[in-house]
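Structure, as structure tokens:
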Amino acid sequence: MTLTLLDELLLFSGVTVLVALFLGRRLPAGWMVTILYGIQLLSLLKMAPLGYGGDPIPSTLILEVMGQTLSWRFDALSWYFALITLGSALLSSWYACGEWEQRFRQAGGNVWLFHLAMALNVFSMLILLASGDLLSLFIGWELVSWAGFLLMAMAGGVATRAAMRYITYAMVGAMAIFGGIALVYVSAGSLQYDAILTAVSQMGTPHLWMLVILFSAGFGIKMGLMPFHLWQAPAYAETPGPGSAFLGAISSRMGLFAILLVLVKLFGIVNIESLKIPFTLIDARDLLAWIAVFTIIFPTFTAMKQNDARELLAWHGIGQGGYMLLGLVVADAMGAAGGLLHVFNHATYQAALFMAVTAVIHRTGTSDLNKLGGLVVRMPLSFMVLLVGIIGLAGLPPMNGFVSKWLVYRSLLNEGMPLLFVAAVIGTLGTILSVYKLIHNIFLGQLRVEHEHIKEAPWSMMIPMLILAAIIFITGLLPGIPLAWVASVQEAVGLSVPNYTLGGVESASGSLDMIWVIGVLFAGFGIGALVFYSAGKSKRVHQLDNYAGGHFLTADIRYQYSDNFYAGLMHLIGGWYRGSFLWLEKSVKSLVEFLSLGMQGIYRRANAEFYLLSTALFVIAWVVI
Amino acid sequence: MAPLELIIELVLMPLVAFIVGLMMVLMMRRIAAKLQRRVGPPFFQPLYDIVKLHGKRTQVSHGMIHDIGIVMAMGGYIAAETLLPVPGMNGIAEKGGIITLLYLMMIPSLGLALGVGQCANPNGSIGIARALTAMLAYDIPLVIVVFGVAYAAGTTNLVEIIATQQAGGFETWGAVQMPLLAIAGLIAMHASLGKQPFEIYIAPAEIATGPMVEMGGKYLGGLFVMQSFQLYTTSVLYVSLFLGGGTTWFDFLLKSFLVLAIPVSIAYLFPRYRTEDLLRLMWKWPVMLGLIGIAFVM
Amino acid sequence: MSSIKQIPVIEEKRTNPLARVFDELVRFCRSRSLFLLHYCTGCGAIELPPAMTSRFDMERLGIQPMVSPRQADILLITGYVSIKTLKRVILTYEQMGSPKYVIGICSCTVNGGMYWQSYATAKKLDEYMPVDLYIAGCMPRPEAVIEGLQQLMQRIKTGEAKGWEDYYRNYDYYLGNQQKLFGNDWQTPTDVITEAKHYDLLGEGTLGEHTALLEQHQQPLEALEMRLGHQVKEPAE
Amino acid sequence: MRPENYEAQRQPPSNEFELNFGPNHPGIEGNYALKLKLHGDQVVEAKADGGYLHRGFEKLMEQRLWIQNIALVPRICVPDPSPMELCYSMAVEQLCGLEVPERAQWIRVMQLELSRIAAHLFTFGGHAATTGMYSTMYWGVADRDLLLDLFEEFTGGRVYSIYNIPGGVRRELPDGFLQRVSETLDYLESRLPDYDNLFFKNQVFVRRAKGVGVMSQEQALAWGVTGPNLRATGLAFDVRRDDPYLVYDQLEFEIPTEESGDAWARTLVRRLELVQSIRILRQVVEALPDIRGPIRAPIPNPLAWNVPAGEVYTRVESSKGETCYFVVSNGGPKPYRVHVRGPSSMHAVQVLEKMSVGSRIEDIAQTMFSLDACPPEVDR
Amino acid sequence: MSKEIAHWLDNLLEEIEGIKVRRKSSRRVRVDVPADALPALLELLQGRAGYIHLSAISCVDWIEEEEFELVYHVWSYESHSLVSAHIRIARDPGVYLSVYDLYQPAAFFERDIHEMYGIHFEGSPNMEKFILTEWNGPPPMRKEFDSEAYINEHLSWQNYNPEWLQELIAEGGGIIIPPEEQRFSQKKK
């Protein structure tokens, strides 16, 4: 039996888990694991032809369970997601294994558990990405859910509560998916993709409806789609720093991967589009698109109100997922390319942002936006990384986020969807507002007395951040590089491919060439700098030498404008934050609690989460065995 | 296109924009003076101001980002000018298109926001918060308008948008074809200029001129340059979208100045809104007009 | 002794004719574009709105009001300065970017005017900061203010208005007077001495006994430099 | 379920910051300061900070002759100096028992009312400028200049006229002056519709000013509010009518009131007072030619003038409210004690502090200008 | 003020012990009361006679009698008359009660008198300095504070002596101020 490249990769990944498990307590686990991630990445790069239209690589491992064949293989889609997964895992782990780890240990954290959880996450994600049929997909799905729970819950306290909430959601999602799989099995008689493809074409509308709802709900929960988004922000924000960078970068995208695989590849956008909602003009695709758009808007505007840097970023993570889904369900060549490219772009800048924020926490001990300020003079490199990240997140040139959002906008324009277009732009504007709040409250404004003597983040943390910043800029300058991979993904799932170039996209109805745009932009900066710096030298003054209506400022006065940053805006929209989804969640929870109370005589348990959890576990166990 | 020619265009376009922008600043101040029954500044006043500010002997900086912010504010507009076709010069308009242009026009705001943030002045920060809020307000009708125009033209390429308008003379102008969008665009443009009643982020009596509070010398000079670029870009963009661009420099400049004169004349007759009133206004009328306009287009 | 000092005119050492033309241009523009600081220090400010608005219209001379000291070129001291105001005026003056000009409007700035007996107002403005021009009167009419501003423009054009240089070059003298009035612990956030060094404006009178006194009690106001890496000064004990 | 649900749980709610509003700030009237504590854009705490214009007038006046103080008093309130002169002169007259000739009284009324119009025009300008409407300011200040021209003609001074002296007024009106007054009044009346269209009927301004700085009548009475600010809460009280001085009891005029007590009402009351002042002036212009006689009562040598001992409290309605002088003489050549009670000492300190709390930063300047607070009156 | 009201007011005021009422004009009443009776008087005036507007509180420093005179001017919007209540308190220690609970405007006047005369008002909401926040000298309005001496010590006076004036003086013209009248000489410099 010869090992295929995929086997090699999975093997390395498994070895990483084992190394973290058995050697992690004694030896410097961080460095070892990081190197092993590097090896995994190398072995993934050996599969690079996949990213340029190569044939799928199967695994030699095939299992037979209950008459079902379980198989694993890698195609362009899997490779693309695996690249992002391993890249972010490598950089997050690298980031973690220096000074951050020591500090984490001093603070009472369990470094071993952290690395183990990371390794488990990577391993399970690879398993999921490699799945060759629906059953292996489901197994991978469960593994990912539990591995994620481990990472989220490890910080204890608030984190555990958030993780419990997550796993509850995940179990509900799993049940939905399981239901979907069961339904598919009933109609197709098999869980192999080929069989399903043929079965889908013969399915009736109600049947298809059922499946679409079940799958998109199940996968959507992982992705944080509205209205199942509530778990995500607290869970990611409470994960230890590099872990949140990793999770924020890729974890939710597993949901997108599954949606891509099942809804786009197996069911086909055309089939979904044929599902009309009675008495309205919209169909299931529009429904998904609107869900995507609301997923963009609401979490983004919720992020604007956050006062904790990590919560703010985590909420944005949910919002950005909306762009990906939006691009995918528009599903023309540019839209799908934009959505898929955004997965890559989002992973890069989200990881960079979480890392920069973690660097700030590492130095100052807080991520409270109202307790920071003016750090740019102390942590200029972290500032640069955060700046690059937020430009990417906001989708402004010259960073990579612009390209993917541009593609999504163009597809909406081409397809003639004005409302979706406007809604997407509202999301972008909201993003700009909230990321400015982020960078302003951390790095700009008044430097507080207690931060007078802090230093720049250590190099072990700085280098991964700088690498990410470089990737963000380079893929912004040359979007053709990731677009090539995206194109092969599109081919693999049966979507049309845009006419991409190294610098962007060519199209009859308006093209984009980032090389020119960025070139001109930097030329403009150059001329601006020439004009500016030719005008005589300037002198830096102390921050207390500042206009204060003619008064003298002293260091003990807090004059940083940070809390309720967009007060004027909140006068209008503040009343719209009603927490309806929270209310919905609470009412469902109390309903379950009420039911469990009713059954107290039997189970003697009133904890809804535990109840749901155990039920779900039981169901899964019953199914799998 | 020959590379040399292109390079000459890329140099000339911002230069022309700057000079025309200075004249627009002058026009704005002269219109204000006329409405206020006074004489107004001399012809070269905008230039005097900028040269003087750049020639200041001591310049107060609050740090690197303060400097970079101003460079970004100027550079972003310089870059944006090359994406904005003028008669006889297209620059790289075909390589970016209108969406890119709109995004490039946000770069100066972002640069300014960063620079002001570093100044550590609460007035400036409030000003930036208000400026970004105003951006949220006027960009929504603006993108509706842009969507409508681009959809009607079937392209995001500004050169083609202008060409389609010029194809049939006056009747094919965007303003004639899509009057509702043109009105919505005018309101959005007025708001994007930040003049009364939409002047929420300058507001001297409230936040001591907001973002400009710590800007002096070349920093303020940079903002003056940015202002002239802003006036030029906004009015030329409007002319390109709705008034068929320009076939000759004469009608191009005539249209641009006339378009700019409308909001500027209105501005000095109004006080400023509160932030939420601005939002309410911008999200109500122009958005409604724009959406109806799009419905007609589609 | 007369306290109206002769301000030494420093010759510009530019020999390059192009640079001289450029200097000339900048001086011309400085004279044609004057930003007033919007700070009503006293009652003379009531005649500024008429000078600014439709009847006399300062803007036709290129003069316009500005809000913060950073933006302004001219500090108009409109009348008596109470000691509490004088502190703010000095702070404001130091925050303005050079070249900056001080105009003392009203007689009170010359010698205390009709408040010569008042315990609360400073009498001679030019002890505390260099004054480029006085416009006497109580209060001077808008025409007088504009006339004065035009004279200032003339002096800027010929390069005579150099009060701001005098503040750097004779800082010790001004600081001494300020310390006499406000007490020895007087300190503004602007570090005039380092600025003078930075812009090559150090004169013989910049440093002296008063600046030595200032350095003794000065709170450490080191500029927040942008630093890379780990070379951070350890916190002072 | 309110938005708090979305707030991160660990954040303390109080994240206030400090903002100094003035003295070098265009939103503040004159040289005055407010130290604000803000949360977002809401004012949590406001502290007035005065004394920037303190000259120690009361001390100065104790050191100068009775007649010298005439030159000092108008400087206590720069935008509206005439009531200060009058109030002081009335006090000295009452201490000495001087009878002021009738012609002088009518001329004084004319001076006061011209000064009131000028002050109101100035206030409109300032109020409009705080809301970003500079055209009104440019117009208002320029039209005020016409009144200053009149002042210059009959008193010799544009701003500080120093025209009232104990016993009467300093000099007779120039030839044809009344004609020019009524021409100026005609012009002003013709301009009022312009102001209405530009400013008072401007919907944006109305929207800005309504509901800003509201006080009820009870609050106004408890806080010691006087003048147009009190009338804007619905109480028709005017010292000119209810505690008459000069010849105001022979003149016909109304006391305009508004009910809502906000910045809008205060501005509107001033706008209506403008009409009443013009009406009074027209009566004066009509009556003055027929009233002949001396313009001042004979007074002793002012350089050696020992005013009889006693104390007196005089009140005058200035454009800002109730202006009072408490003058004590011990029979010497100089006042023993002069206490100046400017209306703004209430408006600019306590009332402004109380109104600011809970309001928004964009309304602070408007509140101050609509109260027409005059810092030199506070600081003295 | 009609005679009836005046009569009624007189009757009312007689309830206070040691009161001396002097009617100065139809709308001005001067009342002298002992210092400890003032709160009762003001309460009476405010509560029963409608004198709800505290126009001012004035302070007079009678240094020769070692007393401060405090004058409370209250105005009635109903009877249109003003009552000035005079009290005398000892100059040392200069402490008196606040009437803030009766009249809110008193807060400003009491604060003002506190910084200008150094009288402490017990129960006043804010006795911090307001105008003289950056003043370290004695309360300046007290009669013993000599502002000229203070100025001579702290501030310098413009010695205006231009050449043309010197020439005039040399020719025997100009205004020559004899040395004993030169109050602000430059002798200190």
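Labels A, B, C, D and E are assigned to the chains in the order they are written; within every chain, residues are numbered from 1.
FYI, a residue touches a chain if its C-beta (ideal position, glycine included) is under 8 Å from a C-beta of that chain, and two chains touch if they have at least 3 such contacts.
Not measured: the values here are computed from a predicted model.
S.K.: Count how many hops through touching chains it takes, at the least, to reach chain C starting from chain A.
M.R.: The least step count works out to 1.
S.K.: Along the graph of touching chains, what's the shortest path length in steps from chain A to chain E?
M.R.: Minimum step count, chain A to chain E: 2.
S.K.: Could you work out which chain's C-alpha centre is the most distant one from the centre of chain E?
M.R.: Farthest by centroid: A.
S.K.: Most remote chain relative to chain D, going by C-alpha centroids?
M.R.: A
S.K.: Per the contact rule at the top, check every chain pair and give me the one with the most C-beta pairs in contact.
M.R.: Greatest number of C-beta pairs in contact occurs for A-B.
S.K.: Per-chain Cα mean versus the mean over all protein Cα atoms: which chain has them closest together?
M.R.: Chain closest to the assembly's C-alpha mean: B.
S.K.: How many angstrom lie between the centres of chain B and chain E, each centre taken as the mean Cα position?
M.R.: Their C-alpha centroids are separated by 59 Å.
S.K.: In angstrom, rounded to a whole number, how far apart do the mean CA points of chain B and chain C lie?
M.R.: Chain B and chain C have C-alpha centres separated by 36 Å.
S.K.: In whole angstrom, what separates the CA-based centres of chain A and chain D?
M.R.: Chain centres of chain A and chain D, defined by C-alpha means, are spaced 63 Å apart.
S.K.: Could you state the distance in Å from the CA-based centre of chain C to that of chain D?
M.R.: Computed value for the inter-centroid distance: 33 Å.
S.K.: What positions in chain C touch 2 or more of the other chains?
M.R.: 38-39, 53-55, 67-70, 84, 87-88, 92, 95, 117-120, 195, 199, 224, 226
S.K.: Going through chain B residue by residue, note those that touch at least 2 other chains and give them in order.
M.R.: 36-38, 55-60, 63-64, 122-123, 126, 204, 208, 213-214, 217, 274-275
S.K.: Specify, in ascending order, the residues of chain E that touch 2 or more different other chains.
M.R.: Answer for chain E, listing residues that touch two or more other chains: 132-134, 140, 145, 147-148.
S.K.: Which two-chain combinations qualify as touching?
M.R.: A-B, A-C, A-D, B-C, B-D, C-D, C-E, D-E
S.K.: Provide the residue numbers of chain D that touch chain B in the complex, in ascending order.
M.R.: The touching residues are 17, 19, 25-27, 41, 128-135, 138-139, 142, 198, 202, 204-205, 207-208, 360-362, 364-365.
S.K.: Chain C touches which residues of chain B in the complex?
M.R.: For chain B paired with chain C, touching residues are 29, 33, 36-42, 44-45, 47-49, 51-53, 55-60, 63-64, 204, 208-209, 212-217, 219-220.
S.K.: For chain D, which residues count as touching chain A in their complex?
M.R.: 1-3, 5-11, 15-25, 28, 33, 35, 38-42, 360
S.K.: Which positions of chain C touch chain E when the two form their complex?
M.R.: Its residues touching chain E are 1-3, 83-84, 87, 110-112, 116-120, 122-124, 127, 180-181, 183.
S.K.: Okay, in this complex, where on chain C does chain D touch?
M.R.: Going through chain C, the ones touching chain D are 37-43, 45-47, 49-50, 52-55, 67-69, 80, 82, 84-85, 88, 92, 114-115, 117-121, 138-139, 141.
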